[in-house]
Each structure stands twice: as structure tokens, then as C-alpha cells.
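Both of the next two complexes hold chain A, though its partner changes from chain B to chain C.
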Partner chain A sequence: MRFTISREKLQEGLAAVAASIPAKTTLPVLANILIETSDKGIRLSGTDLDIAVSTEVAADVETVGAITVPAKKLSEIARELPPSPVKIAASGEQRITLDCGRSHFKILGLPRDEFPAFPSIRFSESWRIRSGDLQKLISHTSFAVSTEESRPILNGVLWELKPDVMRMVATNGHRLAKMELPIKATGAPSADLIVPPKALEQIRRLFPADEELEIARGENHLGFRSPFTAVYTRLIEGPYPPYDQVIPKDNDRVAIADKVALTSALKRMSVIASDQTHRIRLSFNSGMLRFSVQTPDLGEATDELALRYTGDQLDIGFNASYLLEILRYMPTDEVRFTFKAPERAATVQPEGWNDSATYLCLVMPLRLVD
Partner chain B sequence: MARIAVLSSAVADQIAAGEVVERPASAVKELVENALDAGAQAIEIAVEDGGRQLIRVSDDGCGMERDDALLALERHATSKIRSAADLVGVRSFGFRGEALPAICSVSHLVIESAAADGAGTAVYAAGGSVTDVRDVARRRGTTVSAARLFYNAPARQKFLRGTRSEWRSVLEAMTSIALNRRDVRFSLTHDGKVAFTLPAARTLRDRVAALWGAGAADRLLDVEDVRGAIHVSGLAERPSDVGTASRRTFLSVNGRVVRDTGIIRAAEAAYRSTLTAGLRPSLLLNVIVPAESVDVNVHPAKAEVRFRDRWIVERAVEDAVRRALGTFDASASLGVRTWSPGGAWTRPGADVELLRPASREMDGLFQPVSGEEDDVPFAARPGDMPPEPAFPALVAATEVAMDVIVPPLLQLRRTYIMFEHDDGVVLIDQHSAHERVLYERFMGMLERGEAPSQRLLFPLTLHLTPAEGEAFEANRTLLATLGFEVEGFGGSTLLVHSVPMPHPRFDAERCLRETLATLAGDRDAAAHARHERLAATVACKAAVKAGDELSQGEMRALFVSLAETRLPAHDVHGRSTIVQLSWPELERRFGRQ
Partner chain C sequence: MPEQTPVRRILLIDADAFFVAVARLVDPEGAGRAPLLLVGGTAEGRGVVCSASYEARQHGVRSAMPMSRALRLCPGATCVPVPGKACRQKHKEIRAVLERFAPVVQSASIDEWYADLGGTESIYAGASLQTIAHRMRDVVLEETKLRVSIGGGTSKLIAKLAAEGAKPRPENDADGVRVVEPGSEIAFMRELVLADIPGIGPKTTARLAERGLRSVSDVLDRDEAALVRLVGPGDAGWLGRRVRGVDESVVDDREPARSISRDETFPTDIHDDLLLEGELTELVGRAAGDLRGADLRARTVTVRIRDKDFTTRQASRTVDDPLESDRAIFVVARDLLHKLRRARRVPARLLGVALSGFGDPLIRQLSLFDASRPLETERDRIVSRTMDAVRKKFGRDAIAPGRKH
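Our next item is the complex of A and B:
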């Protein structure tokens, strides 16, 4: 194997793949990056066995071949190289030489055979989705996934693909985020996929917004592909909880508030709220929202905010950090809250959003003690 | 013939002797206390055949003139009080004037005494009557020899135990006295063999080391606390060492050795939740209360006292011991722990007014920060999340309290947290430590009836065995107080709507299931302690486990919350949460010392 590549192209390719290389691993080859020659240049690949990323960059290939080399060392070298073409050649199965200007490196690697094979996914039967649409769903929902190991299903984001609409839902059992977006009708069948958020983060990072992605499903893997880059991920197995049943339809108390003012009041209250629960009390009255917080051994605080409210007076407790988190993702200046009762789910939605997407967050209250 | 006759004084003395002197040990005690009351600085005690053949007590006290020496054998002759009014606040060990005549009435007694070096007196008596008085030459002080104890009281003699048993009780009595008066030099011999020789000691710890060895002294923690007019000091066994050696208890009140189960029980109550059931700690305590609030004249051998308000004293003792257990020193240690003999020379029985209140400064492990310390992370605060939508970090949103310096922490084997401390390397067991933190938090919730509870989007369903169902019913209201809102769902099925959120990794379903399983297997669930048991069980199940990888933020938060608990060094099962390897031990192992 022998090829010449520009310093910039090498850095670009390594940056795309490096994030999928695990920091700690028991399998030494996983710390390595796979370099293969292809018909257009070279292909760089990395994996932690859950996610695999592979990207193709332009290069002048003299002789074909493949080898794996330590990803971290190669990235560090590429970062420090002078601005000259980089010549990389394999010498034997386990070593490469790298020449750039007057710099010369010999790096030990591992044979290509030791690198795990990528899941076989046939892209012949695939969905085609604009990367920007997918990224919009990801960035508005994946924050809500659970990090507890007790319910692995909730560690993933549910992605529902229908013929003319797609929807993402994430929840940790205390709060939930859901966004749906109409898509062009495709011939592909409907599917419910539960995707690890780590993979979605790679999708959000790697693909330009206007690129069209091919997405296909293997046995228990999912592949995303653009002309140059591909991401493969393991899917989480199992039925997702019936989220639709818990989204309230009959909440009859509605509050519309300014997002920035509400956020800053919540942040002020959070200072006094308990470290463990972040519990604050919200009292809604017509035209006024009163905040209060009491923490034993620390103190108490109150605040007020004018807003539009319809419905009977309501006292309800929340984890302030859940509310703040949701508000951060709300795309509009005003947000709409709906409530039913102090022990029932509340919803948060953007108010006056001119967009083809619909977005809804849900948060469960904390018990108040009087 | 008249059926009733007044007893001769000799017989009456013999009967009275039974109250004061019931066995050789009590004779030894009375004689040594006389020597102490005479201001002795060194006392030698020789005992033969368990005290049945001979008890000889020699002191270097003030001694007696000839007339006093003779008068001392009369009943109710004493130099210690003059009128009944003196009984209030009496400070000397003896005051009834009973001991010497009582011993005299049942033995062959010889008193040799001199008020100054040179000319002295020897008084010989037997069965209560003086047989001879001679001049002797001797040093200042008094020697009392009681031979053939109970020779004329066959009823008593019959009830004496074997030599070994009598000797053991002599040794016990002398140990108590030696612990109480560590400013005096004691030596004790039995049949010519030296049992102990104790130099005057500066601290109780020094005396303990002289009596039982340095190892025994190392197992004990200093207790020192002042509550109002009550001063509690002494030594209490480190919980991790309880049960590894024989238990020793010693209690003095205003410098007087007493037995008082109430106070010992109060001190043991301070150990609650740090010991395995059934183990009882060694306790050596000196309690000083204002003289007028205690009556010492309630027992012939003065082994018991009566307090005007016992509850206040017991609370003070419990708080003092708990404070001692809450210190860093209370944690278990590897290898030798160094204690340096030293400290202020305080005579036991010092006036209450002279005592400085113990300072309430924080213990060395968790030092308070000085004003300019500012390395606590503000970035971890929940309000300051990054503005860009980011993926949720595993890091717990931990707000670190401002008054504890957190040293750099290192997690070992995903089980222990290690850090450096002034005294050595310290290891914290993450599960035990978290258990202690949660236990105290849950106890607070159960007492205040205030627990935050998160409603669940998808209620949990639990299927219980009949025994678990019973355990649930028995603890239903307590569980609700902790934040578990549960709906019975037809017999053995529970529907959980709300759960507490004690920490971000909390797995409510598993915690509740395991708690009920543990409570179901529990046989001795006394109603009064049920909330303690529940808090301990839930804390155990809710705490992070060994094997959980903790982030720096989580370790810091755990460190800070542990510092804020009342008994940081012990978990709720009586195991240690903190173990330290002292620098001296480390240096010894590396051959640096």
C-alpha cells in the first residue's frame, strides 16, 4: 500500500473517524484506525463495536492495500505536520512509514485482519432523508434520553419512520421530548427504530445539513450513508413504552410565558433548590406565576413573573433542572405550558412556531408537601 | 430468760463489717481509698492468697499521730467530715468512719503510721480490740496490714471463693482505682509476684497503655465534651475494633468510681447504627457534674450515685461519645496508629469551673475552607448548562457545598475513593459512605415527614411474594414518607407512581424490590425501631454499589455529603467507611523510620 494525500485531507478524514475510537478498550485493535485504499482515494474507519464510522477522502493511490495504525498517534502526527503532501506507505503487514517534507515517521500498527468487520447492510432497500431534517429531530429530542442502566430501552431514542412523517421520542421516565416532521413519501416500509444517542450525535456532527442520506436496516444494525461517509450503529432491541398513552390530551389549564424571563427566574430559584431534587413550587394565578422554593438547612426564595394563564388556580412542583433543560431547546420566544392537576403530566410547546415540525415536551411533577 | 438482748459492740461491728467489707477486694478498696484520702502519691499493695491471708497497703500520705491511730479504729471516727452539713458535696472517698473498724473487727490488724519520717506508732488489734501499741521507726505515711480476714466470721469465710476468683476481684478493684487516680503511683503484688507497677500518668490514655499495653490504648478514641455544667471525658472504643478484645468499662462521676448502667447505656446508644447487633464497646468515662447535683451517699460501698436530673447527664454522655465517634480518628486504621503521650496534666476531679469548653472546630478530615479558597467548580451547577444543545453528560449535576475543602480524589477498583490527608493515606468505601449519607438523609425525611418525590411517566409494576406483600403493608406509610407513592393493585402486585430521587443513578424499581425482599426476610422488626431499619435498608439498596464508576463530580459530592454526616466513619451495618494508612506506618514499611 502506498499513497500520497494532502495534509488537510488527512486531517479531515482523521477528525471524522477519531470520535468513534474508544478511549479505553480491552481489544487493542479498536484503538487503531483502519486505512484502506479505494478507487477514489483512501477510506478511514474506526469503531468501538457499538458504532462504526467510515469516511473516504481523496488521495493519489500508487499501490492498493490496507493496514491499521494507532488512531491517537496518527492524529497527533497529522496535526503537527508541515504544509506539504504526505506520503504514506505500508512496509510489511504491521508498519507504515510517513513522509512529509523533511519529517519522517515509522509507526507500528496491526494487520488489517484483526480489525472487526462492519455490519453487512444492504442499501438497496433504503430510506432517503435530508440530513438537516434528521439533525433537527436529533438535537431537539436526544437530550431527554435516560442514562440509567436499569431500563436499557430508555437509553435510546425512538425513531418512527412512516411513509410521510418521521418522529423522534426520547424519555427518562420523568420527562419526554417528541418531535415530528413531514417527509416526502418514499417507497420504503415503515419502521420503529431505537437508536443509541451516541450514534445520533455522530450523525449530527458528520453530515452537512443539505446532504441526502441513505438509511438502511440490517439484522440489528442501522446504517447511514452519504457519498463519502458512512455511520453504522447497533440498534437497541425491545418494545418502546407506549409513550402516546401518557401524553395528556385533556390538559385544560394553559400558561403562555416569555422564555427568557422564565428561564432567568428558574435559574434564580435553582440557587436555593435542593442539590438532589432541584424542587421548586410554581403557583399559577390569572396573569401571574409565583415561584417559591424552600430547602431545609439552606433557606428559601420567591419570585414572580407576569404571564397569560387560563384555568383554575394551580400549585405544582417541578424539578427546576428539567424545566430549564426543556426551555433551552424551545425554538420560540414564547412557550406554552398545559396542566391538568398537581400530580399529572405537564406539557411544554413552542408558541407561535412557523414550522412544518411539531414539537412537544412533557415533564412529570414532583410531589409538594404542604 | 429475756428473749431479746442488745448485741455487744463487737458483734454489731462484725455485722456492720459485712456491709462494707464483703470480700478481700472490698477491704483492699477501702484501705487504698484511705491512703488516697491521706494524700498519698505512691501506694504499694501486697496481697497473699487472694487477700485471705494478708492484705497490706502502704502509702506515703500524711500519716497519723498515736492518738489518731487509736481513735481511727473506733466506729464513726473520721477525719474527713465534721458535721452532716459536710456530706453535701463531700470530696473525699471515705467519710462514714466505718471502713477501718469494720476490717479490724474481722481480722488481725496492724497499723503502722508516722506523720513525719522517724518516730511512728504501731497499733496491733484483733477481732476489733486493740491488743498492743508500740513505738516504731518508719518513714512518713501509713501501712495497714489486715491478716486472716474473716477469721472470726465463719459465715463470711465459708462464702469466700477460691484464691483465683478473690484475686481477680482484687485486681479489678485496683484497676478501677488506678484508672481513676492516674496521678498516683501504684504497685500491686500477689504472693510476691508483681501484677502491675504503674507510674503516675499524665493522661488516661497513658494509664490505659501502662495497664493493658499500647495496643489497647490505640483502640480507644478520646472523648471530651462540655455540655452546660457537665463535663464528659475519657476514652471510647473505635467501632471497627469493638468485639476484637475483651470489653472493659469504667465510669467515674466527680472522681468517684461508680457503677451506673444508665450512663453506660447512654454511651452505648451513641454507637447506634455503627455496630453489629450484640456487640458492646469498651468505655472508660469520667463524668463531672456540679457537686450539688449528685448524691454519693446512697450505697455503703459508694458504688452508686444518685443524680438530681439523670436525663441531662445521660444526654451529655451520649452526645460526647457520638461526637468522638464522628471524628476522623474514629475511622479504622491499617497498622500502627501513633498516639503521643502528652496533653495537659489535669487531675481527675478538677473543679468544673476550671474546665475549658471543648472547642467545636471541625474535625481534621473535613476542614472548613478559609475565605479565599475558590477552587470549587461552578461549572457543575445546574443553572449554568452550556447554551448549545448538548448530549446529556453522565456527570451528575453536583453542587458542591462551600465549606469543605475537597482534596484530589482517586477511585480504585471502582470501589474505593483514595485521597491524601495530613495524617496519612485515606480510603473511603464508596458504597458504605453513600449508605451512611443516605441513611442520615432518610432518617431526616422520616422525622420531618418531608421527602421529594418524582411522578413517573410510566408507573412501575412490582410483583411481590406474600411475605414481601406483608412487609410492604407493614412499612406502607413509612415508604410513602420516603417518597414511594404506591397503589396496591390486587394482592401481590404494586403499581408505583412516584419515587424518591436521592441521587442521579438511583434505580427506584430495584431499590424498592430489594428493600421489600430484605424486610420480608427480617424476623425481629420491633415497632419502635422500624423506621431506623427501613431507613438503613433503603439506604443500603439505594446507595451506589461497589463497581460503579464515579465521575470526579460524583466523588466530590459524595465526599462533601459524607463530611456533613454525623458519623462519617461508620456505615449502617457497623462496618467502616473510612480506613487510613498512617504516614508513620507507611514510613516504617519503606524503612524510612
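Our next item is the complex of A and C:
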């Protein structure tokens, strides 16, 4: 294997793949990047066995071949190279030489055969979706996944693909985010997929918004690809909890608040809220929201915010960090809350959002146990 | 005219060879007569040295050294276990003395306390910090039979560093108190190397040394721009403040966030997973019992394992709802143990469980999905509390979980 590549193309390819390389691994080859020559140049691939990323960059290939080399070292070298063409050649199965200007490196690697095979996915039956649409769903929902290991199903984002609509839902059991978007008929069958957020983060990072992606499913993997780059991920198995049943339909108390002012007040109250529960109390009255927080051994605080509120007076407790997080993703200046009772789910939605997507978040209150 | 901030008067009180001194008080005939004394393990060579007498230290014994190695360096030394209860008692006694002298006292560790004497100038009728510190030292010795060294200055950092220099040692003429006068902080800091400063550990020391920065003066003698070039803007600011002894943190008398932990160094290493699980059951039972005894619930469970080659590893999990029952805590701890064992399966010499993240048991985060089975049920809590009641009446061994091995 022997090829010449511009320093920039090498850096670009390595940057795309680097995030899929595990920081710590018991399988040494996973710390390596697979370099293969291809028709158009070279293909760089990395994996942590859950997610695999592969990207093709232009290069002048003299002789074909493949080898794996330590990803971190190669990236560090690429970053420090002078602005000259980079010549890389394999010498044997386990070593490459790298020449750039007057710099010369020999790097030990591992044979290509040790690198795990990518999941086999047939792209003949695939969905075609604009990357920007997918990114919009990801960026509004994936924050809500659970980071707890006790219920693996909640560690993933539910992605429902229907003939004319797609929807993403994420929850940690206490708060939930859901967004749906109409799409052009894809021709492929409907599917419910539970995708690790780490993989979705790669989709968001690697593909330009206007690119059309091909997405196909293997036995328990999902593949995303564009002409140059592919991402594969393991799917999380199991039935996703029936989220539709917990979305309240009869909340009759409605508050509309200014997002920035509400965020500021919540941040002020959070200073005094307990580090453990972040508990604050909200009291809604017509035209006024009163905040209060009391933390033993620390102190107390109150605040007020004018807002539009219809319904009977309501006192309700929340984890302030859940509310703040949801507000961060709300795309409008005003947000709409609905409530039923102090121990029932509240909904949060953008107010006056002129968009084809619909967006809804839920948050469960905190309760005082008797 | 801007209001002048009063000069801060902070002391760090450090008990000299605390564990050794307490061990000698507890056992005057045994440990009290042994010049070569190691506290923290057994003569069979298990455990690590928690503290060693000055005489033993001259043989090269250091804290945290495996007992077996310490005994090779210092054959014939007397080993005694840590007198835990007595140490906690003495800690309280010393604190009580300090509280008579200073309005705010913070326990920094079992053998260190910060005292803030700000605002006491008129009470002490102008007595210098030096004089007050000497008086404190005398009263502590008289009432608790323990010696302390005291450092003083305008910040916690200066006080802590001064205390190091206050300890009487054969090679110096220190008298147990060192106070750095306001205004002379920089001159004092120039006596030190960077590795002396808390927060600059071995890795940072090595990184700074690569850039030619070893002593405090190496940093002070460079202008800000040069320092930024050497270590980057973030570290330059931090390091610049640190070497000038600048530390705005206050002496805080609220007890620090606590954790409840139990660990066990095994008489012989354990490799069998089931036996380890049995040990874990026991440790969880004890830690959870302490937790309930203190009327607390914990959200974070940590399992610590020390492999036979002394590699110490740990794994933690924080759950949504605070736990208190043996069963629920064990379920979480067992998963963590499995995770640690999957990552590296070699015989273990120590296993430990720590519970932290104590939440208010009265506040409960409601769930969207009621069907989700909670980690801990009311039944679990009742079982645990009933076991506590039985043990209180009939002793710890009166009742035990059926699945120990």
C-alpha cells in the first residue's frame, strides 16, 4: 500500500473517524484506525464495536492495500505536519512510513485482519432522508435520554419511521421529549428503531444538512450512508415504553411565559435549590407565577414573573434542572405549559411556532412524601 | 474611598502523627512502648500502613505503603490496627478545644482543622496570631494529650503550607507554630517548590518541570506573557494565583458532604465470584445499616476493589430515587462488582462499598411510567428496618441474609 494525500485531506478524514475510537479498550486493535485504498482515494474507519464510522477521502493511490495504525498517534502527527503532501506507505503488515516535507515517521500498527468486520447491511432496501431533517429531530430530543444503566431501553432514542412522517422520542422516565416531522413517502416499510444517542451525535456531526442519506437496517444494526461517509450503529432491542399513553390529553391549566425571563428566574432559584433534588416550588395565579425554594442548612429564595395563566391556582414542585434543560431546546421566544394537577405530568411546547414540525416535552413533578 | 477588607486570620491545625499518637494513648503498655510502630494492618502483612511513627519513617516506611513491604523495611516493628473509634473521639475533642478559641472551625480531615479568627482581634486584646496559636497548642496538649502543629496566614492555602514548616523535626528548629505575616506571603512562597503546593500533583509537577518550572520562584520570576506561552492562558492564571498564595476559599464550618463506607481487606485474596458476592452482601449490609442508623438514604453506590497487584479500581452508579434497603443497594452494588470483574478478573485483596449522595427522603421525583419496577419497594424498606430492630435487640449476628455464599 502506497499513497500520497494532502495534509488537509488526511486531517479531515481522521477528524471524522476519531470520535468513534474508544478512549480505553481491552482489544488493542480498536485503538487503531483502518486505512484502506479505494477507487477514489483512501477509506478510513474506526469502531468501538457499538458504533463504526467510515469515510473516504481523495488521495493518489500508487499501490493498493490496507493496514491499521494507532488513531491517536496518527491524528497527533497529522496535526503537527508541515503544509506539504503526505506520503504514506505500508512496509510489511504491521508498519507504515509517513513522509511529509523533511519529516519522516515509522509507526507500528496491526494487520488489517485483526480489525473487526463492519455489520452487513443491505442498502438495497433503504429509507432516503434529508440529513437536515434528521439532525433537527436529534438535536431536539436526544438530550432527554436516560444515562442510567438500569433500563437500557431508555438509554436510546426511539425513532419511528412511517410512510409520511417520522418521529423521535427520548425519555429518562421523569421527563420526555418528542418531535415529529412530515416526510416524503420513502417507499421503505415502517419501522420503530431504538438508537443509541452516541450514534445520533455522529450523524449530526458528520453529514452536511442538505445531504440525502440512505438508511438501512441489518439484523440488529442500522447503517447511514452518504456518497463518502458511513455510520453503523448497534440498535437497542426491546419494546419501548408506551410513551403515547403518558402524554396528557386533558390538561386544562395553561400558562404562557417568556422563555428568557423564565429561564433567568429558574437559574436564580437553582442557586438555592438542593444539589440533590434541584427542587423548586411554582405557584401559578392569574397573571403571576411565584417561585419559592427552601433548602435546609442553606436558605430560601422567592421570585416572581408576570405571565398569562388560565385555570385555578396551582402549586407544583419540579426539579429545576429538568425545566431549564427543556427550555434550552424550545425554539420560540414564548413557551406554553399545561398542567392538570400537582402530581400529574406537565407539558411544555413552543408557542406560536410556524414550522412543519411539532414539538412536545413532558416533565413529571416532584412530590412531598407524607 | 473604598472600604478596606479586613486582613484574614486563618489557622490550619494539624495533629502530629495522629493515628500513631492515638494508638499509643489507647494502648500505653503495648503500642505506647514501641518506638517502631505501624498503624493500619496486621502483622500477617495484610492491609496498608495508615500511619507510621517517626522512628519507623526513618527506615523508609511511608503512609499507604503495603504492610508487607513496610515490615520488610522495618522488621521488628509493632503493628496495630487503626483505633478508629478512639481517633473519631479524639478528633471531636480537639475540635471542641479549637471551637473555644475560634468562631468558625472546619474539619478538613480526621487530623486537620481550619480555624478562622477573623473579627476576634479585640477579644484577644491585640495578641498576635502567633501567640494565640501557641496558646491553642498548649491547651490541646493539656486536654487531649495530643500534639498539634499550627500554620497561620491570610488564606487557607498559606496556613496549610505554613503548617508543614511548623512541625518540629530533628532537622529543623520549628516550635510547632508558624505564622506568615500579612504582606510577607510572596517571600514565604519563594521558599517552596511547586510540588509543595496543594493542587499540584505528581503529573502537573512533571509537566511544569518539562517547561523549566520547578520552584515557586521559577514562576514568580516570569512575567504573565511568558507564563501564558509556557503553560497556556488557563493554567497561567491559576498557577499565578496559587504561587502568590492567593486562595479566596472560606473556612466553612458546615460538615462536608459525607459518605458512608465499609471495606474489607481479606486474610487471603479471593478469586471466586460467588465468594466475592458473599463478601459484598456483608459489606452492603453493614454500610446500609449505618445509613439507616443515621436516618439517611443514598443515591450513589460505589464499589471499590483492590486487585492482588494493588491496582485499585472503582465503579459508581447514581440512581434516581434514594435507596436505603440492603436488597436494593445490593442489586446496584452487585452490577458494579460484575462490571469491575468483567474488566479485569484477578484475585482481589480488598472490597469496599461506599454510599453517598444523601437525598431528602421526603422529596420524591414522580415517574412517567408507573409500570417501571422501582429498584426499592416498601417491602424492601420494611425488611431492612425489621432486621435493624432484631439486631438492636439481639446483636448483629442474630439475623443474616440467607444468600451469603
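Criterion: the second predicted complex is superposed on the first by the 367 of 370 C-alpha atoms of A that agree within 3 Å, B and C clash if a C-alpha of one lies under 4 Å from a C-alpha of the other, contacts with A are read in each partner's own complex, and residues count from 1 in each chain.
Simple rule for what comes next: a residue touches a chain if its C-beta (ideal position, glycine included) is under 8 Å from a C-beta of that chain, and two chains touch if they have at least 3 such contacts.
Computed from a prediction, not measured in an experiment: that's the story for all the values here.
Chemist: Would chain B and chain C fit next to each other on chain A once aligned, or clash?
Modeler: They clash.
Chemist: Let me test your reading of the model: by the given contact rule, A:L282 touches which partner, first (chain B), second (chain C), both or neither?
Modeler: A:L282 contacts neither chain B nor chain C.
Chemist: When the two structures are overlaid on chain A, which partner does A:L323 contact: first (chain B), second (chain C), both, or neither?
Modeler: neither
Chemist: Using the superposition on chain A described above, determine whether A:I236 touches chain B (first), chain C (second), both, or neither.
Modeler: neither
Chemist: According to the stated criteria, A:E201 is in contact with first (chain B), second (chain C), both, or neither; which is it?
Modeler: In the superposition, A:E201 touches chain B alone.
Chemist: For A:V271, using the defined touch cut-off, is the partner it touches chain B, chain C, both, or neither? Pick first, second, both or neither.
Modeler: In the superposition, A:V271 touches chain B alone.
Chemist: In the superposed arrangement, which partner chain does A:A345 touch: chain B (first), chain C (second), both, or neither?
Modeler: It touches chain B and chain C both.
Chemist: Which of the two partners, first being chain B and second being chain C, lies in contact with A:S139: first, second, both, or neither?
Modeler: Only chain B is touched by A:S139; chain C is not.
Chemist: Residues on chain A in contact with chain B in one complex and with chain C in the other?
Modeler: Dual-contact residues (chain A): 148-150, 171, 173-176, 241, 243, 246, 274, 276-277, 279, 296, 317, 319, 343, 345, 362, 364-367, 369.
Chemist: Across the complex, what residues on chain B touch chain A?
Modeler: 381-383, 385, 387, 389-392, 394, 397-399, 444, 448-458, 483, 485, 497-498, 501-507, 509-510, 557
Chemist: Given the complex with chain B, which residues does chain A contribute to the contact?
Modeler: Where chain A meets chain B, its residues are 139-140, 142-145, 147-150, 171, 173-176, 197-198, 201, 241, 243, 246, 266-267, 270-271, 274-279, 296, 317, 319-321, 324-325, 328-329, 343-345, 362, 364-367, 369.
Chemist: Which of the residues in chain C end up touching chain A in this complex?
Modeler: Within the complex, chain C touches chain A at residues 254, 299, 317-320, 335, 343, 357-369, 371-372, 375.
Chemist: Quick one: which bits of chain A touch chain C in the complex? Just the residue numbers, please.
Modeler: Residues in contact with chain C: 26, 148-151, 171-176, 241-243, 246, 274, 276-277, 279, 296-297, 317, 319, 343, 345, 362, 364-369.
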